[in-house]
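Each of the next two complexes has chain A plus one other chain: chain B in the first, chain C in the second.
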Partner chain A sequence: MIQDIITIIHDYWLLLLIGQYPNGPLGGLANTIILSLLAILLAFPVSILLALARLSKWRALRWPVTGLVYVTRGVPLLMLILWCYFLVPLWTGADVPSFLIMLVTLVVYEGAFLSEVVRAGIVSLGQGQMDAARALGHSHLSAMRFVILPQALYNMIPSMISTFVSTIKDTTLGYVINVPDLTFAASQVNNQLFTQPFQVFIILAAVYYVLCWSLTYVANSLERRIARRRAGPRRNARLATEAVPLKTLVEQP
Partner chain B sequence: MTGFDLSAILTNSDYRAMLLHGIETTFAIYVGSWLLAMTLAILLLAFRMSPVRIGEPIVKAYISYHRNVPTLVQLMLWYFGIFTLLPQGLANWLTDHNAEAIFAIIGLGLCQAAYFSEDLRSGLRSVSPGQMEAAKALGHGYISALRFVVMPQGVRNALPPLINHSVSLFKNSSLAIVVGASELTHAVKEIENLSFRTFEIYLVGTVLYLFFSLIIMGAGAYLSMRADPARRARA
Partner chain C sequence: MTMPVSPLQDGQAIRLSDVCKSYGDYPVLRHINAEVGRGEVVVICGPSGSGKSTLIRTVNRLEEINSGSINFEGQNIHAPMRGRELNRLRSRIGFVFQSFNLFPHLSAVENVSMSPIRVKGVSADVARDKAIKLLDRVGLADKANSYPGQLSGGQQQRVAIARALAMEPPVMLFDEPTSALDPEMVGEVLSVMKSLAADGMTMLCVTHEMGFARDVADRIWFIDAGEILEMAPPKDFFQNPRHPRAQRFLSDLRH
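For the complex of A and B:
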């Protein structure tokens, strides 16, 4: 069993790492990481806009966005992928690569989830920050830009990393529309070997485990550091525990 | 292809039967894996809090594995991997009894147990130790203090994340399509292939998922409201 696993890694490590890159599209682990990085980077500004719209005082802005966030949260990611797979080529009228379709889906999906994180971050700062900024002569937008968002986003860094981890896990669903990522590469290996599915998929699980575990570890240590910083240098321990509860729920894929 | 026509899907009895069968399988997978997950979560929690030293690291490893490996990969490992390692007799029996749905239930249930167990644990931890001491001072035994004092508060605190994760379990049941279980998403794709009315059938599928998710969320909100002592005292 162990021998088989070592042989598979030895024979196929390049395919699992970059897919068929020089001779075909980039794939494998590299593509998984690029896809999830791009998705989170593009979803981030989207989520801030969505969060500001949900906190806006205009109903015309607040209600449609609230509806959008609820729909995105109530529908399985798989269904969204199927929608994008159908709609994106229809709108653009071109043959869109599955990588781009997956990217669009992830930006919408993670954007909606991240917007809840951003909103929680802004709300948890309290009204006082906004009132003080307005009293000092900031307009609503400039208070957001210079006072509220810098604090809220800093406090959100751990939640952001956990969203990144769930994005990595969500990219596996690209398998359904043949996005050439790590899962796709592993199933290619499985199709070539045919007799050792358990060994192939245990390798796949192990790679994802190492990737996500290390990111979660970073998120947790950052979270402790930020909680300490929010509590301030010379406060007592009771305040430190009060500062912690910005633990926003992040959906698992 | 002609214009938008929802009735072409909804009045066709074949498609209706396929959708109904899909909903049935989705709910079988959802209820089965929810029950498996909750039972396992409670067992894991009990094992973790028991005086057995080995319990803590084992449960930690279990939870860490199931939270850091994508659910889809776990399902694939179960269906494509572990299925082939089973003895022939058992494998044949499973094939005769809808192996796809059974492995979907096992895979999703084991994965979700990790999340449920963490939710319950953080709920219980938020009950201050003074509650247990006070209950004991009033003459409760350990079990009875747990049952009447600590558990009701702990489960109440754990309700919001438990509801969230119950909804995401429902959405994750759509992953069973990858191992070939004939659930709702599978039915939607099948009808799309037969009717070519992609937009209409996707709309039906999306509305169905949204409807059931909102029902689960609503039931959860009702439960939380019922559990809230302040509201109960007023009523």
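For the complex of A and C:
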């Protein structure tokens, strides 16, 4: 059993790492990481815009965006993927690569989730910060840019990493539209071996686990550091003894 | 209610005319008519829930009003206007909050210099020098690079006063600036406010510090249930309050 796993890794590590590249499209773990990184990097500005729109005083902006966020959060990701997969080519008439479709879907989906994190980060600062900035003559946008968002986004870093972890796990669903990622590569290996699904998929699980666990670890230590910094250095001594260990939510709500 | 006597100083800094505000059916401010002269120090006092904080927050339009007008530098600050115009007016009215509301992600000197740079377009070097001078004025030059989380409440409030002064406002509003402080820190904030008053700053202060009111105020407005019931120089107000509710308020304070 262990021997089987070692043999599989020995024979197929390159396929699992980069797919059929350079003879075919880039795939495997490399593609999983690229897809997740691109998705989170693009979802980040999208989430800020969505959050600002949801907090806007203009209903014409607030209501449709609120609707979009609710629908996106209330629909299974797989359904969104299938929607994009079948509808985008219908609209555009072009043959859109599955990687791109998966990326767009993830950006919308994670953007909607992150926007709630951003919104919570902004709201949790309280009205006082905005009042102080407005009283000094800042416009709403200027107050957001120089006072509210720097604080909200800094406090958000751990949640961002958690969402990144979710994104990595969500990329596995790209399998259904043939995105050549790590899951896809593992499935190819399984199809070739045919008799060792348990061994193949335990390798797959282990890789995802190590990746996601280490990111969660980073998120947790960052969260502790941020909590310490928020409390201010003078209060550190007291906090170190009283502090309850902070836990980062890994699962999306 | 008798109309207020005009202050002795030439000119008026702020004039409130028939200001009314209510939350739903509940009136918070009822027909407020009052004026603050240039260089005058007015202390607003009254029992809690009387509308003091709401009143002072309407002066720079952090709170909207239902009717009436508030004139500042010849303009009704509650008139429909462009956001930019309101921002310009607000930048000329300093505001000090009960809860300081310093920007915790910025050091003391950055708190003070940020708005001149971002709102007025002052260059970073000039704004920083000015900020250091202002911090020195409130006795905190050595804390310029400290973050709000590293400062005591009294120090934070003094930075907040320096931050408001950095915009060079002709008028300063104080909304219970010492109420959130430990007792031993009240004095340092009040002495900064006293020195501001001595320099001729126009000040409108909501405070429970009756010693400050007695020593520094030119006039006291006593407010209860959203109405200004008495306007008088501190000597008259403390020794000879005319309105029964002001009398009761003062006798409650002495207990």
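The rule is short, and it goes like this: the second predicted complex is superposed on the first by the 235 of 253 C-alpha atoms of A that agree within 3 Å, B and C clash if a C-alpha of one lies under 4 Å from a C-alpha of the other, contacts with A are read in each partner's own complex, and residues count from 1 in each chain.
The criterion applied here is as follows: a residue touches a chain if its C-beta (ideal position, glycine included) is under 8 Å from a C-beta of that chain, and two chains touch if they have at least 3 such contacts.
As the structure is a prediction and not an experimental result, all values here were calculated from the model.
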- request: Please tell me which partner, chain B or chain C, touches more residues of chain A.
  value: B
Task: Look at A:Pro150 in the shared chain and tell me whether it touches chain B only, chain C only, both, or neither; answer first, second, both or neither.
output: second
Query: Touching A:Asn23 in the superposition: chain B (first), chain C (second), both, neither?
result: neither
Task: Name the contact category of A:Arg134: first (chain B only), second (chain C only), both, or neither.
output: second
Query: Should A:Asn190 be classified as contacting the first partner (chain B), the second (chain C), both, or neither?
result: first
- prompt: Given the touch rule stated above, what does A:Gln3 touch, chain B (first), chain C (second), both, or neither?
  reply: neither
Chain A positions touched by chain B in one structure and by chain C in the second: none
Task: Would you mind writing out the residues of chain C in touch with chain A in their complex?
output: 60, 62, 83-84, 87-88, 90-95, 97, 99, 101-105, 114-115, 118-120, 147-150, 163-164, 167
Field: Contacting residues of chain B [partner chain A, same complex]
entry: 64-65, 67-74, 76-77, 80-82, 84-85, 115, 161, 164-165, 167-168, 171-175, 177-178, 185, 188-189, 198-199, 202, 205-206, 209-210, 213-214, 217
Query: Residues of chain A touching chain B in their complex?
result: 71, 73-79, 82-83, 86, 165, 168-170, 172-173, 175-176, 183, 187, 190, 197-202, 204-205, 208-209, 212-213, 216, 249, 251-253
Query: How about chain A: which of its residues touch chain C in the complex?
result: 128-129, 131-140, 142, 146-147, 150-151, 154, 229-235
